[in-house]
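To keep things simple, chains are lettered A, B and C as they appear, and every chain counts its residues starting from 1.
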């Protein structure tokens, strides 16, 4: 067995600050392997406990509205067209034509080559969700598999940023992660973050998709989360939605614990986005509870928490309709996108 | 003019559904007095094959349920069987030529046998497992695990319901799934019992019931490489030694034939388990 | 950019709207008699009230069993045992127990609400933990009734006869199940006395016994205070005594039965150590500490009331613990979001306060969770005492409340020594990711129940009971059954 020559990694400010010294594959691995383990039974039990919270009346009404405000309304199909994107954007701007009190979603999430169509459709409604406008998130880096050369993945990213995307949802190289090449995964994220830089020096916000369903263990999820943050991610995101299992409450709880620990360590805020498989309002409310009781209510805002969802919106609208009319509603009373 | 009845169709029970035989065949089931009772499905080797696939598909879920959950499901079967007691009494009385009283005693015994086995799910491991005091710094524990898919030839004679229950219930206790060939001459209560399974929270595929000729079906089950154990209790009239030889190719665990209806026995539960022994080091420094 | 939202205390999401579980499901009587020989009869002692510890409002009037009533109850149990119950097949005894289990499941919500009302524990706990375990306990032992040959006492073991059972107020219906289910499965009949502050679910249970059509006298439930219990366990026609409660009373019982030939099992107090190593899965360990001492307001004999934390992570663990405690909700036990309910009685509250004052006087650092305490009722906010040492009273005496004492250790050997340094020995917790350490530490801890990377887990198949002054005998599992049997030759 030979002594490893330290392989230096591309600079990432957070990693340098936290790990210190020469940032190498080895120092990164030692750091990640030094993180606390996760007991799966205990984690899932805590998530189940949070899921027993009973959110009623005024709390429920608040929660339903907040869920809508945190949704990245998504279409990521091979069959997407400008027409489909236009329809999605219309829904994002006016979720319930019958109820003008309905809030808008935070963002629309589309493939990079559909960004121009989204910009077109949004018009004056395009902007920061904190200002009541709608942001555009584009998936990039050979989403969903991530299996392409770095050159191609960076070009994918740069194109989307140039087309006007406000946010980039990238995928990590799971193959590299699972074969222990943490440095490679790290460097790719750093490079993608750099590709998010615009001419004026601002950055598109970077969400790092871990694809937790492929990582298989919670220990891996903790390490990948920490890695994504060290490399410069603004959000860590559970899944592409194309692989099962996608988002689950326990895995999201774990990722919230990581961003809580990061905040405790550095004072910085990193966002969390569970995506895929969240269809019922009841489940989405459980996620809000989990956020509030793990990292605090401060995180329940568009720049720190999103739902990657499509059919969830309609279920939330049905629940809103029940709250306002007192009767159960049905699919005929919500629009398709 | 008395009311015209609606005769029941008796099909196979595979994967939680009631299909006819893929062969399209059926055979006559006659009452004890020679009257026509029903056409039962005459299962083919392909039905047997499908049943094994269904059983395998359901096995990890059934084994993965808590013992308490399995006990609850098995107890529920007894509850529903109790609720349908009159139906089963009628069916047995006409097919086996019994008085209502005798048929009633058979049904009661079948229900109580089911309850007896249900109660073992969450406790037999405390009898057949153990913590072992090995000589060294090791934690050592032996636990019984289900063997997998069990193919069963049910007792073929009268007391058909009791016979069926006496071989099927014990196999389910540890988390095995089952493909059972019912009595050829008296198959009807097996299918009626399958209706009870279908409405008692038993996941589809956990029990699969084939009606027809054991002589035709048993060899396919005995040689099937995805069957882990072979219960030949009701195969006394077949060339069962050949079946046992065939099963030996894949080293199946085999139970030999027994006349009549077997009694209740913990051995029947343990026979379909594998004992797993785990060692783990113990060290402070 | 990230907006600066101040989480407000008035309108923030975390101030969940009330989510009350309705009491309309209950059909309580104004007064209850004693349940003897299959019916409710008047008690000849002075009746007393049972109240809700959350509101101090009266729930119902409860009878007191005088010595004559105790006599009648024991006589009824004896008749039922000798004439009926011991002559039934095991299969039939099992069927009665299965009926009871099903009835508990059918009336589960009602029982959970009654338990929270009378005891003060959160509905979330009585609904999700207590009542499901009650049903499970009856189901488990129902299945043993016709399998006694396998209990480990050889073929044809026999029942002991009449069992006198006295249970505490912390898990009223669950402790009743722990006592009655194995006793009946083994062929015994029982006279059970619930705690005087929590008789309600036992009395509803008596109605369930009637619905199950159990032969009269097999289960008798007599209410009363300490005197009734003392009379019951000393009754000459009782063959077996089973007691769960304080070590002090357990001692008295052990003395009282000496030389009488009665078989005794005692499940007494504890001062369990919850050991957190530096390689523990940290977030789950924090949950385990919280669950260990704040579940059921700390009214748990096996509560993890001493946190033994490895010194190098002491500060971090305490900080994370305090953070975690800020989201615990204290309040109305019938609100579905309540985590910490009421203290069971004024008396218990006084004891907790007294020992907490002692802790402060001893120099430990006291920290209390920021909970709003309601006007009426008995309440105590979750409290941590840091920098406690092994010589402190609050490290040695059972407080039986939501009070955690934090001590440190340097090595596994020291952790074990400190954990064992107590006359108690009921339970312990071990938190580490390393399997070999779990097993080696578990080997050396003198405690009857050891939880590794979890805490407060109970199952009818899992034997529970203590070493040393935490009592003797086990409840649950095959061992729990064997406690109610004797070998055929005896």
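Here is the rule we go by: a residue touches a chain if its C-beta (ideal position, glycine included) is under 8 Å from a C-beta of that chain, and two chains touch if they have at least 3 such contacts.
A quick note: this is a predicted structure, and the numbers were derived from the prediction, not measured.
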* To do: Per the contact rule at the top, check every chain pair and give me the one with the most C-beta pairs in contact.
  => A-C
* Asked: Of the chains present, which has its C-alpha mean closest to the combined C-alpha mean?
  -> C
* To do: With chain centres taken as the means of their Cα atoms, state the distance from chain A to chain C in Å.
  => 44
* Asked: Taking each chain's centre as the mean position of its Cα atoms, how many Å separate chain B from chain C?
  -> 41
* For chain A and chain B, let me know how many angstrom lie between their CA-based centres, rounded off. => 49
* Structure fact -> Residues of chain B that touch two or more other chains sit at none
* Structure fact -> The chain C residues in contact with chain B across the complex are 91, 94-95, 98, 136, 139-140, 142-147, 150, 412-413, 435-437, 439-441, 443-444, 460-461, 477-478
* To do: Please give the residue numbers of chain A that touch chain C in the complex, ascending.
  => 36-39, 41-43, 45-46, 52-60, 62-63, 66, 130, 254, 257, 269, 288, 292-293, 296-298, 300-301, 303-304
* To do: Report the residues of chain B in contact with chain C in the complex, numbered from low to high.
  => 67-68, 71-72, 75, 112, 115-116, 118-123, 126-127, 137, 139, 266, 280-285
* Asked: Can you list the residues on chain C that touch chain A in the complex?
  -> 1-3, 5, 7, 12-19, 124, 128, 279-284, 287-288, 327, 336-337, 433, 453-454
